[in-house]
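In the two complexes below, chain A is the common chain; its partner is chain B in one and chain C in the other.
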Partner chain A sequence: MSNNKIDILNVVESKLGSKVQIQPGHLSTGSIIANNGLHREVLKAMIEADEKTGIIAISGLDLGENLGVYYHFRTSNALVTIKTEVPKTNPIIQTIIDLHPGAAFHELEVTDLLGVIFEGNKPEGHFVLSEYWPQGVYPLRKDVKANEIKLSPPQETNKPAEDPRQVKIIIGPQHPALLEPEKFSVTVDGETVTKVEPRIGYVHRGIEKASESRTYLQDVYLVERICGICNSIHAAAFVEAVEKIIKVDIPPRAKYLRIVALELNRLHSHLLTLGHAGLEIGYETLFQYFWRDREPIMDLIELTSGNRVYSSLMAVGGVRRDIRAEDIPKIKSVLKTLRGQLPFYRQIYTDEPTLRLRMKDVGVLSRKDALALSVVGPVARGSGVDIDVRKDEPYEAYAEIPFKEIVYKDGDTWSRMNVRMDEVEESINIIEYVVDHLPSGPIRLNLPRSVPAGEAVNRVEAPRGELFYYVKANGTDKPDRVKVRTPTFANLPSFLKTAIGESIADVPANFVSLDPCFSCTDR
Partner chain B sequence: MIDYLLLIFRILVFPGFTFILLLTLFCDWIERKIEARIQNRVGPMVAGPAGILQPLADFIKLLTKEDIEPREAKKLVFRYAPLAAFAIMMFAFCFIPIDGGSVLSFGSTVGGFNGDLIIILAFATIANFLLFLAGWASCNPYGTIGSARVLTQFLGYDIPLFLLALTPAFIAGSLQIANIASAQATTFLPFIFLAPWAFVMFVITMQAELEKDPFDVPHSESELVGGLETEYTGAKLAFLHLTRDVQIVFGSALVVELFLGGPYGPVFFGPSWIWYSLWFVLKVIGVVLISEYITTVVARFRIDQVLSGNWRILLPASLISLILTVALVTWVYPLLV
Partner chain C sequence: MTDTKTWARIKSPWVLHFNSGACNGCDIEIVALLTPKYDVERFGVKLEPSPRHADVLLVTGCVTQQCAERLKRIYDQMPQPKFVVAIGACACSGGVFEGNYNVLGGVDKVIPVTAYIPGCPPRPEAILDGVVKLLNALNPPKQKKSSKQVEAPKEETKTIIEEAKPIVKQ
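Up next, the complex of A and B:
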């Protein structure tokens, strides 16, 4: 596409010139300092120049006197950070949801955790924090003292009377369709969904805050605990960000070993979802089959990392464990067996009539909406948006490995699941290529425990989509700020949009096609 | 006097209450085992040899559990609807010929009366309606929606079920279920061969009537948690489960009586009732296997797909089937016999 040639920083410079301060090369492609409401002008210019401009995250920082609000945007070929600051005494900034609706959740999160008020996007109650959390205490500010926080029950508010014809079905926090706790109040008129109100935060563990009081070494294992399914990708994203701050290049063998761990992660995560989708549409047999074939992949994770679930393989400067030469044939034979099963599964996913009835044209997300809501990963690729961090901004050794980027055009549940189906095969290809081309050499560099002052952004392609880390170091052995934006957090708005007007029976099928992970979402 | 004692024995032990209950639990075990094997699992293993006592163990376990009633529930209906549904299903079973005659056969008669086919189909409908009431009375949003789905589904599928059940009645020339079964025995030609299309449609309709996959929308746990059973616990839940299992066996028994020649089959030695009971059980298990196979290899439909499938496809098809049957019975089948 011609879009790939756009130099987004030049565009911004030619439009806004001296009003903003541009630092090329800082924080990936570049960062733009735009205070006093200019962030909206910069964003407008970027959206005009590149239709694929989407929000990745908003990092809120406590900078002492001021609060920093960093908008991280992706374009088709760049990652740009717009830096703004607001005074702590009067932390008010204009919202961007009128320009880019996908930013709504990101803004609410910053409001809840840091107390920045976005004019035009006012929250009702807490967004991630508990209802018992006191007003006016913002956990990510540095002056918060944990032992002074008093939790108190929320005050009862008079709710307006509800239309008696509309039944409210509460999905969650405990519900058979959800594997993790999160609440969705679905208002139905007969069988048709008219409204979905999410309430996230049931598994908010404060990992971003906790990582500030632990060393980098401990944080690698802490961020792994954000998500049980995609644990190594969290660790990899974090250590890569730290390596970017230190400005160190890890040995090639370590890069390849990381890819094996990451792709095994993707493989078992996709198999899990493909099976789980069967369960949601009442196809228990499919569920049992997929989970049976996922088990050998879990064994491979154990074989390569020593642990079945939390691999704990990543370390700053490399990996902790090598793959033995005699294990490579084992890995290949397991993958070969799985490859043999794939035609059967693909046939079910493409041809089985009852499955097609439940997945075709369910939860349709158009390409336009997908771009406006900044969805990521298989959800975006199912809607014809070709974003894949492994291709767009290759990390580790992905630039050297041949693989296809899977894109389906229809944007329904069926295409999202088929994106995953095809990616399973690509992952097998990648792992086979990697174990065949393992470079020799060391697997880890010994680095000092303290990290020089600096900041870095890093994004990787998790099984559920783009995973984003922002790490700020202050020269000690503990980070100053770690911001995590997980893929499900970015994908959730699309569900709220596509569920409206559908049958209540489509809600689980539509929802599972996002591959939601609430532990990730809440952190 | 001895006749009456025999009748009481027939009602309470064989082929009545006890036998039907044991058959139900056995079929439940077969279903679970088959489903597990198709899905690459092992299924029940612990209670009894190969887990054969598992359904009974589950039932007894539920009986011992705490019984919780929601404050909002309409108590009378909530308490007695499951029991009434169970009772009416057992009563409907009494008209089905099992060991040559039905449970209520008295002396040398085969039991039943002309028109009892209609009666037992009506009983099945009433049982479904009672289940709907049970869910409705629990005053829970999942239960309400689940039971509303039960109602919409069985109201729709009852019509083709009745129309298709008339096919064997026309061929046999009787509305008495015992006569329909014995008509197939005298000609040695089960109606599945005379009207195979009706058999296929009847099995599909039965699948919908029994709320099994792909028609199990009232029970879809990913949307409705437990459907109409959501608020039920303890003994009441045990009876809801048992009612559902009896319904499944009843549906299979109906297929056997109408299309597969009833309990009749070759008698090799000894008293005929042993052989007839054996053939009946074997045929019922065969139908259960077919239905369970359908259940495991498909996904669940959506409620609107279930309904349009009924009104657009099954209902017109069963009307055509009825017309075809009448034509064949009048002009073609007399030439064969």
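Up next, the complex of A and C:
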């Protein structure tokens, strides 16, 4: 937590006074109702007061007559939501990208899925939806039914003539360097990248809409399947948000068991990325080594949860399975073996000249840009921005567990990979501490299936960074709205910035250092 | 000549992986197959980046509307004979995402599928088993066979292929 504590709500109140309505304690730190364009004034005041003010997400809601646009911001010690509403008949609101460039993609997503027009940030074509999507149909509006949508052929657009010196290289949707379908049009002048245009949405499955038609019990499984890599974290973030609405505190043993699942997820995800980076720079041996050492971690996930990939351990009110006492020595011995391997990998990352050549000073993201683009997780920590939800706003039992926050200053690909390398060791420490200090007691509370009306925000630290959930309940057994902002979505703009001016050959290494995961990005 | 072709096909099938909107669960398990613990290369299976060189198309995911057209195009680019393996519950039927607005639900809605491997995600062993069964199905049966049978394994083979008849005719 930051030493110089700024009371951001006081700052806003002293600047804007009675023009806005402040509700302290609502939605984490507090929410501010600011209609008629005042959201820009609030944001200006916040950015002036705290340089770490960054956008987390923009939740678009269908409130009946009006459309709600909720801006969720983080500061160095708070999470503030600015609530605005626009009429459905004329859903126009002023953009904030001139104040905070990191908001660009968030705004485009709300435009595409809910039909709110942000003045000054007009999309060209669809952002996440298919090009065959009918005009004027916005899937997140309540009156749109999933099975009644009729697709129409895409409209022809006149593309401007291109400079013949500029060559466009299309990466994706099917490409050896990408495991997932996504398209990047990279414009190059000679070997130098001059422009990157992403086209996301190939993995858009409409999970946010689908979660509204399923019960909370089913939604745990659904949100878990947003991402096959960091699945426990998605489930944990969702059930914690629901627990916040119910206002219930889960048993201490359940909190510790959740941490084991979350850190095992982080371990296997980081090992996966560290290996994948080796593959992208043509160092396949490193890839095979890392993935060899990742398999025992997958076995541990299976041992503790019963399944290799989808642990389905999280439930509203606790966890489903306990760790048996006789399994703890097995967990410790696997972690000890992995710890023994780490010096070897660290030596490769620090001493191996090929690896340094491909990663040092590649894709440099300065601290200033990292703050402006509001990146999260290892990407931010590689650029010297010390944000880690586990430290900033401890959830579960992270406040009781000693661990270090890893920060590197250089902001290049090498720093980002080294953040992950050090975090592997921290994760091992955390799991070892947790299994040694497991409290006794029940692992799950029996809670009713219906959730009282209310809303909650929750953020957790996924392997790729801060994962954010906004859940709104309406008193039934199905949620009214679930908004998910994944860390990869927040980190994507940084790639578009750092790739420019670099050699086309450095694009894969730079890209993989963000730990891309498009199933998260698109949802 | 046919014997030689079949032999070559079985001994070194080149596979192409396409993610049609999967959650990465199945995809990572496919990559795990290539790594030391499972090491699928000992069966001669090689992951191939280009559809034009591939024999087997491994498809994961529930087929989103944007991917459907690309999936069809990739299938068309593959040379004959070609085989499609749908990996995971989503690829088989849409899985947990069935009925969502952007999801077609199942690879067989777009291209014919030779083999289905269910699971969410299927274990690497299951994927390995499915691929090996597919290869065994190409193996000529004891009686006299024609080249046509090799190209489109249908009735004679007693494997999962039998249950998994393609919905769209080639």
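Keep in mind that, in the parts below, the second predicted complex is superposed on the first by the 518 of 523 C-alpha atoms of A that agree within 3 Å, B and C clash if a C-alpha of one lies under 4 Å from a C-alpha of the other, contacts with A are read in each partner's own complex, and residues count from 1 in each chain.
Just so we're on the same page, contacts are C-beta pairs under 8 Å (C-beta built on N, C-alpha and C of every residue); 3 or more make two chains touch, one makes a residue touch a chain.
Predicted model, so just to flag it, every value in this text is computed and none were measured.
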| item | value |
| --- | --- |
| Three-chain arrangement built on chain A, chain B and chain C clash or fit | fit |
| Partner chain(s) touched by A:R358 [first = chain B, second = chain C, both, neither] | first |
| Chain B versus chain C as contact partner of A:V507, first or second or both or neither | first |
| Touched partner set for A:N10, first chain B, second chain C, both or neither | neither |
| Partner chain in contact with A:Q347 - chain B first, chain C second, else both or neither | neither |
| Partner chain in contact with A:V309 - chain B first, chain C second, else both or neither | second |
| Once both complexes are placed on the shared chain, angle at chain A toward chain B and chain C, C-alpha, multiple of 10 degrees | 50 |
| Chain B versus chain C as contact partner of A:T337, first or second or both or neither | neither |
| Touched partner set for A:N36, first chain B, second chain C, both or neither | neither |
| First (chain B), second (chain C), both or neither touched by A:Q23 | neither |
| Chain B versus chain C, judged by how many residues of chain A each one touches | C |
| Contacts of A:G278 with chain B and chain C, given as first, second, both or neither | first |
| Least C-alpha distance (whole Å) that remains between chain C and chain B when both complexes are overlaid | 5 |
| Set of chain A residues, in rising order, touched by both chain B and chain C | 175-176, 288, 292 |
| Chain B contact footprint on chain A (complex, rising order) | 167-170, 175-177, 191, 278-286, 288-289, 292, 352, 354-355, 357-358, 503-508 |
| Complex contact set, residues of chain A against chain C | 129-133, 139, 144, 146-147, 149, 151, 173-176, 179-181, 201-207, 209-210, 221-222, 225-229, 231, 272, 287-288, 291-292, 294-295, 298, 308-310, 517, 519 |
| Chain B residues touching chain A - in the complex, by the definition given at the top | 35, 38-41, 141-142, 144-145, 213-214, 216-217, 220-223, 225, 296-305 |
| Chain C residues touching chain A - in the complex, by the definition given at the top | 17-29, 31-32, 35-37, 49, 51, 61-62, 64-67, 70, 74, 95-97, 99-103, 120-121, 123 |
